[in-house]
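Input: a single structure, listed below in structure tokens.
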């Protein structure tokens, strides 16, 4: 009888969401909907922990019972948006972008600027699968989704 | 009406546990007991995610219903011990020691070698409170505990 | 009388050269010519220290009496190409790309893949001036040069 | 005929000097004398690039015709002391301590506080040889020198 067998960690799926730190209401809402589906799939959100797309996604996950991890660039947890369950305080500045990518099984990319582009570059460099919802188009390997629901569906397929 | 108000993140306490990556059964058991009390206090464990003290603490937390974060030095989640809920994959080698310290409110230090000493040094450098259970004695600011139960009690007092 | 007054560091110009770690003979030769002009301008080369464009540029600098710095991703100096005077051993993997950019006054970008794209993204994110010799076109702020000689001329103008 | 054979990089010795960022005149002078002998030996100085021991050592090297590298924690070269030839701008905060250690063949440790202790810890963890001039005593593997001249002599012996 194994009463206290830990859950296998390889059964959890970590989905990274990347995108602009400040964004329009429309993109924020899209991120929030992505978050809702991440929670619905029982996956864990990994993001950069700040505002804009990162906050929208975390809000969507948290309001639907999911779990959120925010990989913070600075030296204080106070930087994290209020929907982050587990803020990881790196102090490595933009270097934390790599940690977001490495800690995720698959990435869903929303519109963003050059921070987002650096993250997409690292995905391609490290061979991490990416689903795009209107983000930078830098490779044929990036799968395009038509909406948040489709994005999650594609993301889950890519890591199974 | 705000039905889905997120829990305030500042109510959660993150306790870092540091110590040797390979250790005796006795120290492993002590780490596990520390973990048990961390779970009992409703706090979150932050550790380096590997073996020895890190594994003992994570096992103690997980077997008592708590949550564990492992900040991994290498580039693969596979490095994490089986009791880590949320492996953070930094790829920064020993640089991840800083992330363990920065992400914790308070540190409980068990016996360890030079990796542990580097972490204690960073605690002192960054002003992070530390409770020691037989670890390196490098400052009067490090509070000595007599056993795991006492260590948690002291740790919680230091962050209130 | 101050016979040994140190040279002012702000008089030196640090030029970063980025591009593919493996490349064609033609691109290698272009990088080498860029290096020749960097040495001729009395500037210091900063690069990622490995092969391809990084090696070509370093060779061009060294063979013309200049100085080369290589910011290495791994944990051993042995990774550096033989034309690097000062290998900086980071152990931060791709995180070292940020150090290349931050340590340079201006960047000359040759063709490259996603590592190069991550570096260009960081240039834009951090406001670092860039001259492109056939590299990724991700912003109007990137100045296009027609040949190595022109690239150095433009780069020097951007930091004066 | 190979007229332009590059100097072999493995012939250069990189000596790291670590110690307090603010220190007494006496320790500053000792650091400066260490620097003088580093220059005299034709070795390259690697240090953290800031004040105190780092500045004293760099001043001693520069005033005696040697070369100095400063691995800066912040995001601006302006942090470097005026005797640094090659400032490396990491943006990794205290994480740069690891880069100082990894980029050195051997370390000479002067008195310092917890930053210095973290560096000594990494030396022991990574197996890097250390000569101490009154610094932390954390291992029998650290060789004690009686004065700056003796420190260089011992350091050079350890890397031959």
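For clarity, chains are labelled A, B, C and D in written order, and residue numbers in each chain start from 1.
Throughout what follows, contacts are C-beta pairs under 8 Å (C-beta built on N, C-alpha and C of every residue); 3 or more make two chains touch, one makes a residue touch a chain.
Since this is a predicted model, take the numbers as computed values, not measurements.
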Find the chain most remote from chain B, comparing centres computed as mean CA coordinates.
C
Check: interface with higher C-beta contact count, A-C vs A-D, is A-C
Take the average of all CA coordinates in chain A, do the same for chain B, and state the distance between these two points in whole angstrom.
25
So, what's the distance in Å between the C-alpha centres of chain C and chain A?
32
Whole-Å gap between the CA centroids of chain A and chain D:
41
So chain A residues touching two or more other chains come to 75, 91-95, 98
Sort the chain contact graph into one of these: line, ring, star, complete or other.
complete
In the complex, the residues of chain A that touch chain C are 92-95, 98, 113-115, 117-118, 121-122, 124-126, 138-139
Tell me, which parts of chain C touch chain B in their complex?
75, 91-95
Which of the residues in chain B come into contact with chain A in the complex?
4, 6, 8-9, 12, 44, 59, 62-63, 67, 69, 71, 75, 77, 80, 82-92, 95, 98-99, 102-103
